[in-house]
Amino acid sequence: MGAGYSFNLRVLLPYFSDLGWGAVVTLELSVLAILISFPLGLIGALMRLSGNKVSRGLATTYVEAVRNIPILVLLYILFYALPAYGVPIGAFTAGMLGLAINSTAYTTEIFRGGFAAIPAAQYEAARALGLRPIPIFLQVIFPQVFRVVLPTLGNQIVSVVLASAQASIIGVGELTYETQSIGSKTFRYFELFGLAALFYIACVQLIAVFWRLFTRGAARTLSAR
Amino acid sequence: MISSGHFLGYVVLLLKGAVVTLELSLGGLVIGSVLGLVLGLMRRSRFGGLRALALLYIEALRSTPFVILLFFIYYALPLALNLDIPPYLAAISALSLHCAAYMAEVVRSGIDAVVKGQWEAAYALGLTYRRVLGLVVLPQALRIMVPPTIGVYISTLKDSSLASIIGFVELLGQGMAVRESNVGRNTTDILLAVAIGYFIMCYSLSRLGRYVERRTQQKSRAVAEAGERLSAVVLSPGGV
Amino acid sequence: MKRLWIMVAAMALLAAGQPARAADSILNDVLQRGTIRIAVNTGNEPRQFVDQNGDLQGYDIDIANELAKQLGVKIEFIRTDVAGRVAMLQSHKADVTVATFTPTLDRMKTVSFTDPYTTDVLMLMTRTSRKDLNTLADFNKPEIKIALGRGSTAAKALAKYVPKATVVELPGLADIVQALDAGQIDATCSNDGLVSYTVKNSNGKYKAITETLGAPEDDSIGLPQGDFVWWQWLNQFVHQINEDGTNYTAWMKWFGTQPPSFVKPPPKAP
């Protein structure tokens, strides 16, 4: 390192609990956004594939609009603009909603791709066997869709966790926010951002490993049909 | 809302910001592509050490938020390396480094996508590794890489909006500056204009990407078929 | 052989113990270069701000100009944010900072300060429509959110005077003002100059809380650590402008009120 800069982690010891809480908030934001967006994404995909022109149009407009806007702009609109119209929305809620809105758009496309990957023959065969639409969907189509999209959903989860860092800009006290805050007090930016990066990398790798196991386990149960 | 007279003036400012956004993200893409090409080739190199290094870089950068990378370059590096890194330099460096990790994957899949038969046929014709790569594989890979590259460009363009938080004035930064100087008035229209600006840029690019994809699919199918015919001829017992 | 090593060690110790000679000092660098690099903030009316033409203006800017005049050099202004003042000095990207910079023991672990050339006091600013917020005690509740720029002394003051309030750090002044506007935060905390200026230009939308957060705190010129020669020159400069009325005149021009007592008016012509 440059002249006069010494690597010093001990200075940061009293701040470790703040960093820890920041990490917790990061996970809170991500988990909530994922729990909201994944079901909505499935619904969105169904809408995009439906015969109803209105549903199809709505879903397509939503997906195109949201995917082509930076998350930060969305967060700003939720946090700074909505209150001007009387919607009381705090920083955490705005952050979580912004992440959810963005994730829903991408998840919709993921599920849509999943449905498209099922050969039409499957639908025909199921109907030929005399199954009604809803059981067809639940027992035949859905498990296959899931098996197909599961890996990509894992990527989406990672995407949300990484995007959560942007919530710090509207004042949500997640990991990046705490890192910056402590940095401006101690000026140990190198150590702090290094630690933050390590946390995110560890998180992402853990999610990847866990998701691979989950996918394999799910594939076994789903293909047992 | 801001009175219409002022609004037009602000639209001009926003347009200037949009141009800066395009320049910044294009710069990031170009530098990132060069670096990504190197990394992609490293990933497919014969030397395990190079492969590992490239993999490490790509994994690390794809597992950290862009904001962290940006802050690291802007706040941490100057202190550690005794350098002065102004917002513009920090932004384009972060964008390039981040973009490179994604371009590396594009390059790698591009190289992989070129039918194996092509490699075999070229070697059978007596070409060296370098020549095979340069004359046969890369030209085809490059065509395949164009649509996903546009996807990476769109991503980079959206990431460039984060440069506004370290004080670099691009589209979003310009919008926020206008809002700041009009505090007290409802300037939601400026924010929406910024959103529309990004939408126009990104949506146009994605349409371009889809158009290119359709065109290259036709072409690459023809090329692949030709390649297959070539390798069939070259590798068949009768030979050329 | 042993004697040789002892002599080398002794010379090394002597050399290490030498005080910084003028040739090693920033003062010399600045004089040789003919330019002084001064880190300032912006958006801090009327101390440091950018006018319609994009030029830097303000009380601190006037002091900075006087500093350069006394040195006989040109100025290169480096615009940075609140936390950037320390960072610029630490990395030697700036030679001094003149930016409402308050000496604190924490900061002195990384940078150095001269004696004060003025003071500022921290005040809260909130929307006039908040009839429920009038005294400091009104803000001392967890549901009250107060925003400030990262790295300012406001953080410590808030912790001391309104400990129960929630502190929110936002990236820049643009965000802070927008957040106040949108009602996302209940108040901002900054120096009296900026608060008065913003209130005056807000058409009654904002009000200042007259109860200040503590006593006025010093503002000094900041410089990189460990340069005694540079510190001596700058400190003498501060004393000179405090005594000969230069500082007084600058203050009156921007604030129109009495400066702190150690800033003397120009001596009356005999």
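When the chains are written out, they are named A, B and C in that same order, and each has its own residue count from 1.
What we mean here is this: a residue touches a chain if its C-beta (ideal position, glycine included) is under 8 Å from a C-beta of that chain, and two chains touch if they have at least 3 such contacts.
Quick caveat, the model's predicted, so the values are computed rather than measured.
Using the average of C-alpha coordinates as each chain's centre, C ends up farthest from subunit B.
A comparison of the A-C and A-B interfaces places the larger number of contacting C-beta pairs at A-B.
Rounded to whole angstrom, the centroid-to-centroid distance between subunit A and subunit C, based on C-alpha atoms, equals 42 Å. Separation between the centroids of subunit A and subunit B, computed from CA atoms only, is 22 Å.
Multi-chain contact residues, meaning those touching two or more other chains, occur in subunit C at positions 87, 90-91, 171, 175, 178, 181. Multi-chain contact residues of subunit B, defined as those touching 2 or more other chains: 75, 79, 82-83, 165, 176, 179.
Contacts with at least two other chains are made by residues 2, 80-81, 84, 169, 180, 183, 187 of subunit A. Within the complex formed with subunit C, the residues of subunit B that make contact are 75, 78-79, 82-84, 165, 167, 176-177, 179-180, 183-184.
Listed in rising order, the residues of subunit C touching subunit B in the complex are 81, 87, 90-93, 171-175, 177-178, 180-181, 202-203, 205. On the subunit C side of its complex with subunit A, the touching residues are 82-83, 86-87, 90-91, 106, 110, 147, 150-151, 155, 168-171, 175, 178-179, 181-184. Remark: subunit A residues 2, 79-81, 83-84, 90-91, 169-171, 177, 180-181, 183-185, 187 touch subunit C in the complex.
The touching residues of subunit A, when paired with subunit B in their complex, are 1-5, 64-65, 67-74, 76-77, 80-81, 84-85, 158, 162-166, 168-169, 176, 179-180, 183, 187, 189-190, 192-194, 196-197, 200-201, 203-205.
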